[in-house]
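Shared chain: chain A. Partners: chain B in the first complex, chain C in the second.
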Partner chain A sequence: MAVTHDLGIWVAGILTLAIFSFLYKDNPFYRFAEHLLVGVSAGYYLVQYFFSAAYKKLWVPVFQEGHHVLLVGGILGLLMFTRLFRRTEWISRYPVAFYIAAWAGYVIPSYIQVRILQQAQDTMFNPRGMPLGEALSALILLIGVSTTLIYFYFSAEHRGPLKTLSKVGITFLMIGFGATFGYNVMGRVSLLIGRFQFLFTDWLGIVH
Partner chain B sequence: MAFYDRMMSIDRRIIFLSVGLAVAIPIIVPLGFPVQISEETMNFYREMAALKPGDIILLSFDYEGDVMAELNPMAVAVLKHAFSRGIKVIAITTYAGGTGIAERLLTEAANRYGKTYGVDYVFLGYNPDWSGTMLRLGESFKATYPTDQYGKSVYEIPIMKNVETYRDIALVVSISGSALSEYWAIWAGGRYGARVISGNTAIQAILIYPYYKAGQIPGFLGGLKGAAEYEKLINAPGMGIRGMDAQSVAHALMLAFILVGNVGYFLFRRAKRREQK
Partner chain C sequence: MKRQGPIILAFAIGMLMLIQFFTPAAFFKEAYNTILDWKQVVLGFTFILGTWSLIRYHYIKINRKRENWQYSYVTLAGLAITVLAALIWKTAEGPYPWLFNNVQVPMQSTMFSLLAFFVASASYRAFRARTFHATLLLIAGALVMLGRVPIGSYLSGSIFGVKISLVAISDWVLNVPNAAAKRGIMIGVGLGMTATAIKIILGIEQTYLGKTD
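Right, the complex of A and B next:
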């Protein structure tokens, strides 16, 4: 066992325990660690955003390199601050409208191509010459996509065959939710593993 | 209190303590459970293994400290695999908080393999607006990142000399704790034809399957398990493999708790029905 002499790791280790103490019940150590995290994060991000956006992407190109056209974006950005006052709040709608329009222009064609057309294409298959396992997998995918879409079809009452198909659809949805939950558990446990590895390896030196 | 009531109302602190012990003990005393390789990980490995020495990959650190337990092992393994085979790395981060993580992992891996900054790898740093970054890289790397993280002009960095757009990048590797891998597939892949593979947190992994199935992301690593599998494939055991024993024991415990809760619920329902009769 070789406990570290690194002050930073000691601080991180003690703060980790302070956060874990909430699992027993709320207490001042937990609240201290929580507030410290919020404060440090706010400071860190403010500095990062200021230097990487306002300074590097606006101040330097405009005032040191002469790309004055960027001032248009800078002014639109500044107009967002008009939201802070009730009387000038309406002005902020212009940069928001500009942003939404640009974003929609970026996103809509790519989304249709990648998320709808290519995905829909993947559900189509020709079983002729396909290995049996692959054909079966493709068939299940086709049934899953079709019946799930039927479940979300609300323009007709779910009766008769439509009801049966939508029930099949909800079964696929449940399987999907189950898989998501399983992955969720794995993700949360991984975070705990990461913290314990830090405590036992970097801090206490129990594990090498 | 009836037995089923006790089964359904276990003190949450007992559950927390049990999970804590289930994770802590296997870390201290490894059990050596085998790691099976999944098809997604194998395909991720194949994409990396198909690169030739001198090829350049774009490694995007799309995460911050909150998920580094899951994603650091993947990023470390990718860097080890790349550097050990002479593949060059252009690293960026799409999160302000990812800067420190990326810097540390790159430096550690480069020191281990004796790689030179600017020649074998470069860190271009954080750029605000990830969507604009992904799109603009398709037009010009140098316009998107005029300088590296340390303020040096990219025109003076040897690795950047022949890199103009995604066409000059052999592979885009997104290590992501959010939906950004999907956006790499949509924009870098869908719009500019870049080949994109990803490493994702377990929570995100489920959303990657449709892209994987459609071939838009030809390989990916899902959670800590994916990292462990990849470490095994490149023969570089690290934090991923070390964490898998704890993962397995914790999952078994969770299953036991779910079973106990459900059995308790069914016994409770049966008792209620009997009462009504």
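Right, the complex of A and C next:
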């Protein structure tokens, strides 16, 4: 058994145990760790996002490379602070409208391309020359995608053939939810194993 | 001015972003990239606003001595130390990456690993074979889980002379019926997002502007 002398691992080990203590019940150690996590994470993301935006996309291009057009982004950013005061709150609608519209303009072509056309294209299949097993799987995939979409079609009442097809759709959805759930459980369990490995190997040196 | 101005701005920016997709003109490509840079700068400023909101919340909590107010000092101290570490020693080395590697990452992954226990209790409730669809959920979940552990690779047999392994079945469930459901949802989400984006650009969707004046 060789306990580490690394201060960082000691801090990480103690904080890991503090979070695990929640399994017994809510307690001061857990609350301390939880609040510390919120504070450190907020600080980390503030530094990452603000400095990468303010320094790399504003300070460097405007004051070092002379791209003054980027100053507009800085002005829009500063206008966000007008929402802190009730009388000027409405001004912050401009940067919000800009941000939302830029996002909307960006997602329309990219979503149509990636989430609709590409997905529909990958669902189509040509059984000619395909092994029987693969062709069957491709057919099941096509039926699954079509019936799932029918299940989410609410513009007409689900009666007759539409009802039957939407029932097939919910069958695929249930298999999908079950598989996703199982996959998530395994992901969490492997994360848990990773934490125990850290505690017993890296920190306490019990397991090699 | 208070409401029409932002709607006009949204229309202009949204259309400009869309037009560049259909034209090879260099001006539109340049405008597109500039708008994306502005967007990133605005996002950076919103993080300051968010942090201000967090500080304000904890300040009020301490001031009014609300339940568990003492822990608010921990949050504020964690925030201040992380930001100061980045300002004084820069971000590449020193206390800032140390805090990330030894405080944030271990706690975050432990927090997510805790969910393994809660997911176990949730699965007990979700995976009860009371209806046909609940049974499907149970079977699909069990197959995927068994296919991801070492014992799953030992569980195999043959039907009509065809060798079937549990890992292969698990992979098939993930790649065919699961992929079909996911793809259907993805196409639906894509259609919904596109429709919402068009409504925003045309000024039909205005909820992002907040309450009416």
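We take it that the second predicted complex is superposed on the first by the 206 of 208 C-alpha atoms of A that agree within 3 Å, B and C clash if a C-alpha of one lies under 4 Å from a C-alpha of the other, contacts with A are read in each partner's own complex, and residues count from 1 in each chain.
Here is the rule we use: a contact is a pair of C-beta atoms (placed from the backbone, for glycine too) under 8 Å apart; a residue touches a chain by one contact, two chains touch by 3 or more.
The shown structure was predicted, so the numbers you read here are calculated from the model rather than taken from an experiment.
By the touch criterion stated above, A:105 is placed in contact with chain C alone, chain B being left untouched.
Legend: residue contacts after superposition of the two complexes on their common chain; A:195 is shown touching both chain B and chain C. Of the two partner chains, chain B is the only one that A:207 touches; chain C does not reach it. Set side by side, chain B and chain C differ in how many residues of chain A they touch, and the one touching more is C.
In the superposition on chain A, A:141 contacts both chain B and chain C.
Touch criterion met: A:24 reaches chain B, while chain C stays clear of it.
Applying the stated contact rule after C-alpha superposition, one finds that A:121 touches chain B and leaves chain C untouched.
In the overlay built on the shared chain, the residue A:81 is in contact with chain C alone; chain B does not reach it. In the overlay built on the shared chain, the residue A:179 is in contact with chain B and with chain C.
With both structures placed on the common chain, the touch criterion links A:3 to neither chain B nor chain C. According to the touch criterion, the shared surface of chain A, contacted by chain B in one complex and chain C in the other, consists of residues 23, 41, 44-45, 49, 52-53, 57, 103, 106, 111, 114-115, 119, 122, 141, 176, 179-180, 183-186, 189, 191-192, 194-195. Across the complex, chain A meets chain C through its residues 8-9, 11-13, 15-16, 19-20, 22-23, 31-47, 49-54, 57-58, 61, 69-70, 72-74, 76-78, 80-81, 83-84, 90, 93-109, 111-112, 114-116, 119-120, 122-123, 137, 140-149, 151-152, 169-186, 188-189, 191-192, 194-195, 198.
Chain A contributes residues 23-24, 41, 44-45, 48-49, 52-53, 56-57, 103, 106, 110-111, 113-115, 118-119, 121-122, 141, 176, 179-180, 183-187, 189-197, 200, 206-207 to its touches with chain B in the complex. Against chain A, in their complex, chain C makes its touches with residues 2-3, 5-7, 9-18, 21, 34-52, 54, 68, 71-72, 74-83, 86, 91, 96, 98-117, 119-120, 123, 126, 133-134, 136-145, 148-149, 172-191, 193-194, 196-198, 200-201, 208-210, 213. Of all the residues in chain B, the ones that touch chain A in their complex are 13, 16, 19-20, 23-24, 27-28, 66-70, 72, 96-97, 99, 125-128, 131, 135, 147, 185-187, 189-191, 201-203, 205-206, 210, 213-216, 222-225, 239, 242-243, 246-247, 250-251, 254.
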